[in-house]
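Shared between the two complexes below is chain A, which pairs with chain B and chain C, respectively.
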Partner chain A sequence: MRSLEPWVEAPLTAFLTESGARLTLLMTGAGQVVAQHGFTRSLDVMSAAALGAGIMAATGELARVMTTVPFESVTHQGTALSLFLAGFDTPRGRWLALVVYGGETSLGLVQLFFGRMVEDLGRAAPAELPVQRVLAEDFEAQLNSSLRSLFGR
Partner chain B sequence: MPLVNFTTREITCKLVYYGPGRSGKTTNLLYIHGRVPQDRRGNLISLATQSDRTLFFDFLPLELGVISGFTTRFQLYTVPGQVYYNATRRLVLQGADGVVFVADSQARRFEDNLESFQNLQENLLEQGVDIRQLPLVLQYNKQDLPGDLILARPDLDDTLNFRAVPSLGADALHGAGVFETLKLVSSLVLQRLSTPSGSER
Partner chain C sequence: MSLSELLAELTPVPGVRGALVVSREDGLVVADALMDDVDGKAVAALAASLAERMAGVTRALGQPEPLVWQLEGSDGILLAAPVPGGLLVVAVANPEVNVGELRLRVLHAAERAA
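Presenting the complex of A and B:
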């Protein structure tokens, strides 16, 4: 499991254990990964987050066109694996969850324990950390070198 | 603002390539995808129509390497350029850390460029983002076409670049200017993290 901030891990671990989900990805509405369990390659995680956020954004837009309240969740039923996507509010803003589960569990269980995870996250979130400088002022030399290596120059 | 993970020391930035239809946004991503080693990039995801026009977005994740001790990743998105896809453009633009506006240098696309640039400003404003505060680079693509078909860079600057942001000419199909564009926009985005008030967490 990897998470942006440590306080996310306990609620996510409890959800994974209780729901029997295989993969779970928490992200911002813009598709930025907050935490994940089950994906092996970071670049695949970003792709899954981008697609998940895209589905939720498109569904939200559909709700707007239909002049109804936004849909809370979307499910895709597959033969081997199924997908549960949902938006939820946290003290850090609105996040999205993408949950992949198999035949060993059910949509009902996933939904039940997902609701508990959302409550747990709300309780676990600490106050925002103070703003701090991230990169050194001379970061550009390293950036240019990384880009040159990326493009084989 | 880029997402920063202090525990694993990772930075993730969302960069959006914006511009009118057929200006070369997807071509930029295709060139990058073709040049970057496989272990430093993910698959290029393209949600396109049957005729290969972008329907929702193209997406390419890149792993840049370590900068100031942080593993830095870029998420490159394109938006669909056609006027009638504005709803999806707005969605993709959400949370963008930087924008590359890919203009078509052909003189006959003058109005399309203007309309798309105005649309970018409107969509950002709708999300509460002032375009003056967002890292932005203008790429004048197709500068390789015959001179009588295209507008020169100074003319395009006069039309589109009234905020005097970095701009450059490009031939994305053959790669000219693609690397330089990415370098410019990533530098602008990361600069925001090198100041004391730069990060969210």
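Presenting the complex of A and C:
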């Protein structure tokens, strides 16, 4: 498990242990990755983050068309692997989670421990953290730095 | 008979705090009749997980699937009975419940749910 924010590690580790999820990605609403578990290639993480954020944006728009409140989560049930995608509020803003799980666990367990992780993240978040502005000239350097942190190289 | 009517046969037993029909594969609540302090989603997810693991044990031993699982803790009892087709009838009760009566009712409910 790799994280850009140290306070995310304990709640995420507990979630991974309890839920039995195979892959997990935590990202901001804009698709910036905050933490990941199970991915081995940076390209996979970036693709999954972008696609996950896109799915949530699409379902949000669908909810708007249906004149209902935005959906909180989306589940894709597969024969071997399933996908759970959810948006949630943290003290650092709205985040998204993408969770891939197999037959060794269940949607009920993933949902149950995901809810607990969200609560834990709310408690673990530092009270005050400086908001870092991402400038265009710093973007590539910050992106590379984030990927190094997420993949240990 | 609806699933709600089925659960209504379990909840009158003194000491029962709730009853659920659970999707066994997903661990999700299909129907429930619970006291306010019982977290139905948690019970469903954990009961389904327990049932799958215990079924795995009996399969590994070459035995048929049990008719009912009974889990006793210091603060309560959980009974779960599989229903053909992928459901599970679950009851949560206080320790002082008449386990024999509840067990019969859970088994009966599972038969009728099939």
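The definition used in the following text is that the second predicted complex is superposed on the first by the 128 of 153 C-alpha atoms of A that agree within 3 Å, B and C clash if a C-alpha of one lies under 4 Å from a C-alpha of the other, contacts with A are read in each partner's own complex, and residues count from 1 in each chain.
Note that in this section a residue touches a chain if its C-beta (ideal position, glycine included) is under 8 Å from a C-beta of that chain, and two chains touch if they have at least 3 such contacts.
Every value quoted in this text rests on a predicted model; they were computed, and no experiment measured them.
In the superposition on chain A, A:S106 makes contact with chain C only, not with chain B. By the touch criterion defined above, A:A50 reaches chain B but does not reach chain C.
Contacts of A:V118 after superposition on the shared chain: neither chain B nor chain C is touched. Between chain B and chain C, the partner in contact with more residues of chain A is B.
Contacts of A:A10 after superposition on the shared chain: neither chain B nor chain C is touched. When the two complexes are overlaid on their common chain A, residue A:R2 makes contact with chain B while staying clear of chain C. In the superposition on chain A, A:G31 contacts chain B only, with no contact to chain C.
Annotation: chain A has no residue touching chain B in one complex and chain C in the other.
Remark: chain A residues 105-109, 111-112, 115 touch chain C in the complex. Chain A meets chain B in the complex at residues 2-6, 28-34, 41-44, 46-47, 50-51, 54, 57-58, 61, 128-129, 131-137, 139-140, 142-144, 146-147, 149-153.
If you check the complex, the residues on chain C that touch chain A are 22-23, 25-28, 41-42, 44-46, 48-49, 52. Listed in rising order, the residues of chain B touching chain A in the complex are 3-5, 7-8, 11-12, 14, 35-37, 40-43, 45, 47, 56-57, 59, 61-68, 70, 72-73, 75, 77, 87-88, 91-92, 94-96, 179, 182-183, 186-187, 190, 193-201.
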